[in-house]
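Attaching a single structure in structure tokens format; questions to follow.
Chain naming follows the written order as A, B, C, D and E, and within any one chain the residues start at number 1.
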Amino acid sequence: MAFSTIGSSGEAAIHGSVADALRGRRRSDTRGWAFEIGLLASLLICLLILGALILTVVTDGMPVYSDRGWEFLDGGLSSIADRAGISQGIVGSFWIAVCVVVVAIPIGVGSAIYLEEYAPRTKLTSFIELNIRNLAGVPSVVYGLLGLAIFVNTFHGFSGADGIERSTLAAAGVTLAVLVLPIVIITTAEAIRAVPQALREGAYGVGATRWEVIRSQVLPYAAPGIFTGSLLSIARAIGEAAPLIVIGAVTGFFSAGEGLNAQNVTDPSHLSERFVALPSIVTTWAKQPDEEFKVSNAAATIIAMLVFVLLINSIAIVLRNRFEKKRSS
Amino acid sequence: MGGLFFVAAVTSLVISAAILWSLFSNGWEFLTEVNWGHVFGSDSWSPRFDEFSIATLLVGSLIVTGIAMLVATPLGLGAAIYLSEYARPGVRTVLKPILEVLAGIPSVVLGVFALIWIAPEVVGRLFGEEHGRGGTMMAAGIGVGILTIPLIASVSEDAMRAVPSSLRQASAGLGARPISTTLRVVLPAAISGVVAAFILATSRALGETMVVFIAGGAADQAQYTNNPLDGSLTMTAAMASLAVGTDQVRGASLAVPSLFFVGIVLFAFTFGLNLIADRFVRRVRQAY
Amino acid sequence: MTKVTIGRQSTATEDVPLGQGIEVAHQGEANAASLPVVFTVKDLSAFYGDFRAVRDVTLDVRQHQITAFIGPSGCGKTTVLRCFNRMNDLIPGARTEGTLEYHGVPLYGADVDPVEVRRRIGMVFQKPNPFPKSIYDNVTYGPKLFGTRKRADLEEVVETSLRKAALWDEVKDRLKESAMGLSGGQQQRLCIARAIATNPEVVLMDEPCSALDPIATARIEDLMQEIKTEFTIVIVTHNMQQAARVSDSTAFFSTEVNPESDRRTGVLVEFDKTETIFSNPSDERTENYITGRFG
Amino acid sequence: GNSDDDGGGGDGASNLTGSLNISGSSTVEPISSLVAEEFSADNPDLKIAVDGPGTGDGFELFCQGQTDISDASRQIEPEEAAACKKAGIDYVELAIGFDGITVMTNPNNDDVECLSFADLYALTGPESEGFENWSDAQSLASELGSATEFPDETLDLTGPGAESGTYDSFIELALTDIAEAQGLPENQLETTRPDYQSSADDNTIITNIEASDYSLGWVGYAYAEQAGDSVKELEVSAEPNGECIVPSDDTIANGSYPLSRTLYIYVNKAKAQENEAVSAYVDFYLSDLDTWVTETNYVPLPDDQVEETTSAWSSFNGS
Amino acid sequence: MTKVTIGRQSTATEDVPLGQGIEVAHQGEANAASLPVVFTVKDLSAFYGDFRAVRDVTLDVRQHQITAFIGPSGCGKTTVLRCFNRMNDLIPGARTEGTLEYHGVPLYGADVDPVEVRRRIGMVFQKPNPFPKSIYDNVTYGPKLFGTRKRADLEEVVETSLRKAALWDEVKDRLKESAMGLSGGQQQRLCIARAIATNPEVVLMDEPCSALDPIATARIEDLMQEIKTEFTIVIVTHNMQQAARVSDSTAFFSTEVNPESDRRTGVLVEFDKTETIFSNPSDERTENYITGRFG
């Protein structure tokens, strides 16, 4: 090494040797440079794909809106391409989201609280946790089979109906709620795990009971995380098609009240009727031979769906980033 | 209060039980009545001809999943490494959402995208225009791959961020350049997380339905083929087709029971993969 | 064998017997022994799962005294302290063996409710951990739990507690502001205020100053001297001078490496009047430690 | 609680309630959907659902009494009729229009213009299993008396799945007779070769046709028309070397095009009696048959057949 | 004003002038000034973003000497130390002002490659941070980076480095086993071995013993004495006795609260021969600190 002899040699000499030693090979590190470029590239490719996707959908779908605008959203299904609208799909998706909020989120948050705050470290507990992680990985189409066998065939779609009328919106909604339940549980559990132990100890230290600690410290602190997780799961549910198909979304014409007025959309009687939802409409139309359905209408429906889904997602993402920053500082 | 929450937690067990019950109580008819010669002997999946060549579906799933992984692994891993090791905080907050948005795209959308864009623009250009005119396993595979990129990216990024920065500092302190630190310290330390990401993604791809159903180039019935440029059915696509064609048929042929039979096979595969992945993930957690 | 003399003023040269050396914040040690015993500890061991973190702890904590725990890192000070208000119940698998009585009542007795215990025995932690709420809400958190609802009462509690915690003057105009905006030292004093707001009999403090700067540290040390007339205080500290300055009795813990498992178990080496511990400790390990050869 | 006035307008809002379930042929679905759409404009509170899983599946449901009306692209088969009888379900059969089956290849394929039933049998019949090339079918075709020259190119065969009426009709119209003449066993009279790319989804068929230069496939006339120039419609002759006829509205309506079929709806009598909506819907259906059928790219019935249909309905409905 | 005398043997009573009080591990201080200067620091300030963490640092680090940084928590010891091998470059927004020369070369000069700097100036961190690899791979990590490939060479490096780090005998039979299996003290010595394996000129140590038990601490202190003949060492420590025991020169940092922003900025209070700092510091803050009035 260059410096073994430093003690003896003169300062000036050293200065020189050190100077050019340190000047180093900064510019010669091509490997590292290429590596970094490659990595960045893979990210940019993802960006590209996203761009292509959105561009395709918009170029194919936008004409429908520029031609028909509100009419397309407000109109009902039709076998005439330039009459067809998606109001029934919006109604369906709306109620599916409601089911998620009403069924999945309370149960999910509840289980997460139990697992993080109450559960003793027993075999049962770790089994439940393993079980939840596995449920999160079960293919959505399998959940469809669950819905078909249990909610449709066994519970008659919660509507007491018979025959094909058992394939109700309620059955679909509950199925999707079940499908996103593991997601709610996992995200909530993470949010709760992120609550500093110091906060809990502080509260316990002045003699709070477990529930008081959860209510006054844990939940408030974890709220943003829980909220984010819930939003993401709603978005997921709105986008899922496979289970709907398996349960038996209507493929042809379907009348569900008329129009996109608040009164019709929020009419809970839809729950006990057969259904379509935005994703199932996309599927049916994408499989039509008629280009107007297959491309234009399908793309237009996708735009409507993406607006919902991406809106919800980005709210969630922004929220989370905002709080991550707050917390880290 | 605790009791209430406990009940909530237990519902997840009920759900799993329900899934198993649905699959087997309905699949039972198939398992008992099918002529197994038509399951292992035949070379085509066509439930209405009582041809149940599971091999056709397995190979279909294998090919699509394989293509998906070939697409997703390099992209997802590359993105993850960049975000966790190279991107400055500012850049990160700009780039990360790309993946998160991508993760939010519903699979139907990617299905349509694969059919009307990937098929002609990617498959068509790469493998000859005649292969780009319709759905193929290639187009579907690429679509599914895109769908799984965010999964691979986020899981392996988490794993790499779990590597304590003290190790990076130690490496830098010894005069290592970022590339050495990444390849020799961070990746080895995070390897089980990366593996887990890969397995999880595989399981996700295996279970992905809509993309293959819409862009897989076959419906209802498929001949055995191992050429990615053909159309064929995966397990999931076969289920979807059965559902669309037959969602209201009650037990006439073995068609509907076969739907649940495929369900059982698919469930078995994904369940196994998830279990393995879980092992790896937990190894990451224990590591530090 | 030479020795280091660390003097308040390095110019000082004449030697002084160690005992008086300590700035004694407490008179009449003579009758200390006569003060009522709050905690009786006999052969206490604390476990995490099947790992024995500390063993053979035997000491008495007396009323209106400040008892200090010192010792190298990992010797079990925190663990023992957290047994005193059953804080360890929160850690899965944590348990104790041996005798730990609070006014003669076995703290780990079957019919003892840990929540009640913590209402009588408050705690201040190593890292200031105010709630992400207003200063006011932080102090009133405990009293509200115990049913104090009237605004007037609460406001009184806030003022008195903050005064006792020597924080009132600094924050009286910003009670509604978030506690997170306070400096580390202020936050710690707020935590003390929060702890005494429910007026417990005992206050346990785990290295309350280790995260603070010298000035804040000094404030809190003075504060302890003031409130000890009302409360019984047990304090864990890494800082021998601090123990010497503030405490009446000192327990010195150390660790012994268990040869086969080579995990280190804490032991109580010596417990005695603070001045004794620092003037002529009877155990050589204590001596090595306080002379700072190690740690 | 929905507002009665609505976009539909139309003749007299009778405003029925209850529900109406229609299923069956995916070929007929567009027609029934269109009717349903117009009908529900007048009856906003009536719940109508139209599905198109296929004629076979439709009759399954119909004969279990799950649906009120079943769309069909062929007449009900004896077994299906038996099933209905067993379930005590009585029905009226109403013809509503024509659908040609169009035989298609890829526009780039200049070697083939017209195929006879014999050729179709040689290319798609049960005996053709395993044929990879058009030319593989040559000998069988000539054996059946056809003089058509097949190119030596890979044969990419695609068609509807067994559940669709189009599939059945194709076999009935083109294959079965020859199969019998060839003396095939029972179980092979009613099938095509199993080894072809089939699909319930006519779109997939079209795209498969587009996908290969020497593809061959068949699909409903309507779909072929919509697909436009992306496929090449072949002429068809019933007899080997007979007159080649191009599928068109006329040739189909006047029955000269050999590969055309009649479309039906089957109405459950009992339901029609107990559920006012059913009969009202059928009335509405028949009131303007021509429009519905043409609007959905099918071939309307000639007037005399329209007469038959309406009388068939009124004779039941009247009684 | 009384004072505490903490003696190696509490029985000792006769007084000794402070200077000799320090166990001097280094003879011939006289010619220290003549040793070549490795680091020249003039009016150095270090910033994180626009927060100035420490300012006005002026000192010389001489070859084959041990220079200690002491001072209360948060006074910028680590920050300054990490400027010496540009580790702070890894922290976004971290920068310096003022002069920091290494053998007369401005370390933050435009054409200086931080990677090259770190190859000559090794670092040992507060928490032992061995790679989750085998002991062997840990030591050879650096040499391999710089192209040493031959097995024989690597093995030699491993043995010599581990010997210098006084670890060889304990691990020579288990070189292939994971380093995570070592005790804290062993891990820290492994990190030292890893740092000197690339044969740097300078080794920077940030509280290398703070995570260790007394025995391990003693080992590492002795170790420093041995290797200082080959390397120049800069060490940050919280433990004054340690600084007194091992270092030749000592820099005492303290913090000043900036009135408006009330963030605390570190300042170099005093830099001098260790014995001077501990016997008669010229600054009163230093005195207060070493007499342990503040933690």
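Simple rule for what comes next: a contact is a pair of C-beta atoms (placed from the backbone, for glycine too) under 8 Å apart; a residue touches a chain by one contact, two chains touch by 3 or more.
Nothing here was measured: the structure is a model prediction, and the numbers come from that model.
Visitor: What is the set of chains touching both chain D and chain E?
Guide: A, B
Visitor: Indicate, using Cα centroids, the chain positioned nearest the centre of all protein chains shown.
Guide: A
Visitor: Name the chain whose C-alpha centroid is most distant from the C-alpha centroid of chain B.
Guide: Relative to chain B, the chain whose C-alpha centre sits farthest away is C.
Visitor: Most C-beta contact pairs, which chains?
Guide: Answer by contact count: the chains A-B.
Visitor: With centres defined by CA atoms only, which chain is the most remote from chain E?
Guide: D
Visitor: Just how far, in Å, is the C-alpha centre of chain C from the one of chain B?
Guide: 55
Visitor: Just curious, how far off is chain E from chain A if you go by their C-alpha centres, in Å?
Guide: Inter-chain centre distance comes to 50 Å.
Visitor: So, what's the distance in Å between the C-alpha centres of chain D and chain A?
Guide: 41
Visitor: Using mean C-alpha positions as chain centres, tell me how far chain A is from chain B in Å, no decimals.
Guide: About 16 Å separates the centre of chain A from that of chain B.
Visitor: Mind pulling the chain A residues that touch 2 or more other chains?
Guide: Counting only residues that touch two or more other chains, chain A contributes 164, 251, 287, 294.
Visitor: At which residue positions does chain C touch at least two other chains?
Guide: Within chain C, no residue contacts more than one other chain.
Visitor: Return the residues of chain D touching two or more other chains; collapse runs of consecutive numbers into ranges.
Guide: 23, 51, 53, 61, 64, 66, 201, 204
Visitor: Touching chain A in the complex: which residues of chain C?
Guide: 85, 87, 90, 92-93, 115-119, 122-125, 127, 129-132, 141-142, 145-146, 191, 194-195, 197-198
Visitor: Could you list, by residue number, the parts of chain D that touch chain B in their complex?
Guide: 23, 51, 53-54, 57, 60-61, 64, 66, 161-163, 191, 194-201, 204, 207-208, 210-213
Visitor: Across the complex, what residues on chain B touch chain D?
Guide: My answer: residues 44, 46, 48-49, 51, 130-131, 133-135, 217-223, 231, 241, 244-250, 252.
Visitor: Under the touch definition given earlier, write down the residues of chain B that touch chain E in their complex.
Guide: 88-89, 164, 166-177, 180, 184-185, 188-189, 287
Visitor: For chain D, which residues are in contact with chain A within the complex?
Guide: Interface residues on the chain D side: 1-2, 6-7, 19, 21-23, 29-34, 36-37, 40, 44, 46-53, 61, 64-67, 201-204, 206, 219, 223, 226-227, 295-296.
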